[in-house]
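Two complexes, one shared chain (subunit A), two partners (subunit B, subunit C).
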Partner chain A sequence: MSLDGHVIFNEQHSNFSEFIKAAYKAQNTKYPKFFKMDHLSKLAFLTADILLKNQGINSEIENNIALVFSNKASSLDTDLSHQKAIQDKDNYFPSPAVFVYTLPNICLGEISIKYKLYSENSFFIFERFNAKHLFTYTNSLVQDNKAESVLCGWVELEGENCEAFLYLVSEKGDMKHTKKNIITLYNT
Partner chain B sequence: MEALKQELKENIIEQLNLEDMSVEDIADDDMLFGDGLALDSIDALELIVMLDKNYGIKLTDPKEGRTIFESINTMAAYISEHRTK
Partner chain C sequence: MSKTYVSYNNIISSLGFDSKTVVENIHNEISGLELIDNKNVLPEPFYSALINSEKLEIAFNKLNPKQDYTRLEKMMISSLSEVIHRSNMELNDRVGLIISTTKGNVDALDETNRFPKERAYLCELGKNVKEFFNFENDPIVVSNACVSGILAVAIAKRYIQQNTYDHVFIVSGDVVTEFILSGFNSFQALSNKRCKPYDINRTGINIGEVAASVLVTNTSENLAKESVYILGESSCNDANHISGPSRTGEGLYRSMTSALAQANILAKDIDYISAHGTATMFNDEMEAIALNRLQLQDVPLNSLKGYFGHTLGASGLLETIVGMHSLYNNTLYASKGFETLGVSKPINVIKKTTHKELITFLKTASGFGGCNTAIIFKKSNQTKNHV
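For the complex of A and B:
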């Protein structure tokens, strides 16, 4: 895991659960509900939390930050868990705690609760990382005064494979918001 | 009854993902909701599924859960009386 080009967590673990738990503890993130989240939400939440708290965002007050996330696999990881629980009609015990995460945008709700965001949020599904769409949609939100800043990116999880890339767009920043710069950051 | 209470605590910790909690942290008369373990509405639904799956008890009226899920003591007493497996 890296923040602004600096590695902040680099450990090998046998599976995603162990990895994300170790990262959570290393970042000293105090949020008991974290352990109730599905894998996609844990990945999105922790990545967002690392970025936002290092920007000095106060989670105790309302923040006008929009969320524009995307991925390819949607909530497939959790959808499969739910399917397993309902596949056998003679052993039919769907878990409510799993079912509530069978939508990818639930991870936006988790971030919104922690950071008191009542602003716009959207989760898009694309075949691959789509800088053009993120750029256009984010510009629209900022220009229409829908939010002071926008947390954007790609949060992908399928099985043990995961990839998270988030960036914050606002009127003031060190780097110009362009499609080319987004792609450069994503590929860094 | 003591074995059942121990089993309930272990299942609650595992199934409700109470990561930082151990069996020793849950007293038999601790409130499971509110000021006690601070379980939420989704946890309540998970407990209803747990009663069905592990003990063959189907709650037809969710309001019953308020008294049944008050504490480990009340859960264990209800399960002992109504379990079918």
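For the complex of A and C:
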């Protein structure tokens, strides 16, 4: 895990569950709801939390930050869990606690609850990271005054493979919001 | 800023395979909901509005498909095909494609399904639709729970206003699957009766299936006669709970407030509200509270869930299309299943289909993850017709 180009957490774990739990502890996150989340939400939430906390965003007050997230696998990881629970009629155990996470935008809800974001959020599915889309869509939100800033990126989780890349677009900053810069950040 | 229009449209549903037929059935208060007893899908009987498979095969085969498509793909392609045909538009680099769905081909995950599991990737669905019609641009797939269908309209507008596209085709759809039914049933959200939005005796939702498509465009030439343009739109999160609506209707209230501000109109300028009305206790109550906070309680309102059930990622677009025809026909359609008000704040639910001159309507939707979207539409052609 790295923040603004600096590695902040680097540990090897046998699976995603152990890895994300260790990262949560190392970051001293203290948010019990975290443990109820599915893997995609844990990944998206923790990544967003690290970034926003470091920006000095106060989660006690309302924040006007839009969320524009994307990935390839949608909520497939949890979809498979729900499918497993209904596949065998002799071992049938669908659960609302699992089913609610069979939507990719639930992770946006989790972040919105923690940071009091009563703002725009949308989840898009692309075959691969799509800087052009994130750039265009974020520009439209900023120009229409839909939000003061926009947290954008890619949160992919499938089995033990995960990839999360988030960046914050706002009026102040060191790097200009361009498609080229988004790609550069993504590749570093 | 130039106007963005919603023009040609199609609905593939239990009530017909084109918008006009579907709206005629709504006019006659015919519901597509029926009792289904299929133990392979759900242990107990349930109400649903399903698309007739034989009719779908006939409609789809007319398009001369060259490969095997899933049921959802057949629905979406059949629906979009009519809209592209009627729009008479070349699919060049100025034409975008948006796909709106919550679960896409999720039935491919079932071991008994004849398609490979990979078919469940939403980008595969997008690719199949794109390639069928030879769109030049890659599809934008939006999957944002039950606001997806209406959010897709706002997304199309934004892409047009960013000058990425001149025209955007949106196709939305979800199918009734064991995956969805078992999940909503585990929430105890399914009703074992016909759903009754806003009624005192409502006991939950029915799940249905449709595919719905529209053309969103920046040109006022060659518009469909029922076209509307977008006056204002907004989406706001409840920041409250991932599976239950806010008790104060916060996100919906903020969405409607912000859409009205962008439209630069007042609540009293809205002639009709096409609301979400899933017929769960909490959703309908939340909507009544949000509407009252904005003094929208006297505006005639309906939920179309009594005709189609809740069609998930397609519902917002389906209901927008019916709203467009409602304006064109100057008719308020009865909110099927409603008899006695069963929410704590007054709202004006349409009991009887009536003629009334209509110019502006508000479409709202809410969904899991705390999301809410509101869009205000105005009639493109304000000549008085059918009055």
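Rule of thumb we're sticking to: the second predicted complex is superposed on the first by the 188 of 188 C-alpha atoms of A that agree within 3 Å, B and C clash if a C-alpha of one lies under 4 Å from a C-alpha of the other, contacts with A are read in each partner's own complex, and residues count from 1 in each chain.
Note that in this section contacts are C-beta pairs under 8 Å (C-beta built on N, C-alpha and C of every residue); 3 or more make two chains touch, one makes a residue touch a chain.
In this text the structure is predicted, and so the values were computed from the model without any measurement.
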{"item": "Touching partner for A:His133 - first (subunit B), second (subunit C), both, neither", "value": "second"}
{"item": "First (subunit B), second (subunit C), both or neither touched by A:Glu110", "value": "second"}
{"item": "First (subunit B), second (subunit C), both or neither touched by A:Ser119", "value": "second"}
{"item": "Partner touching more residues of subunit A, whether subunit B or subunit C", "value": "C"}
{"item": "First, second, both or neither for A:Val100, with subunit B first and subunit C second", "value": "both"}
{"item": "Contacts of A:Phe35 with subunit B and subunit C, given as first, second, both or neither", "value": "first"}
{"item": "Subunit B and subunit C contact sites that coincide on subunit A, given as residue numbers", "value": "94-96, 100"}
{"item": "Residues of subunit A touching subunit C in the complex", "value": "72-74, 76, 79-80, 82-83, 85-87, 92, 94-96, 99-100, 102-106, 108-110, 112-113, 115-127, 133, 136-137, 139-141, 144, 146"}
{"item": "Touching residues on subunit B, where the partner in the complex is subunit A", "value": "16-20, 42-43, 45-46, 49, 52-53"}
{"item": "Parts of subunit A lying in touch with subunit B, wherever the complex brings them together", "value": "21, 32, 35-36, 93-97, 100"}
{"item": "Touching residues (chain side subunit C, partner subunit A) in the complex", "value": "43, 102-104, 106, 109-111, 120-123, 126-127, 138, 140-145, 151, 155, 158-159, 161-162, 164, 178-179, 182-187, 234-243, 250-251, 254, 262, 367-371"}
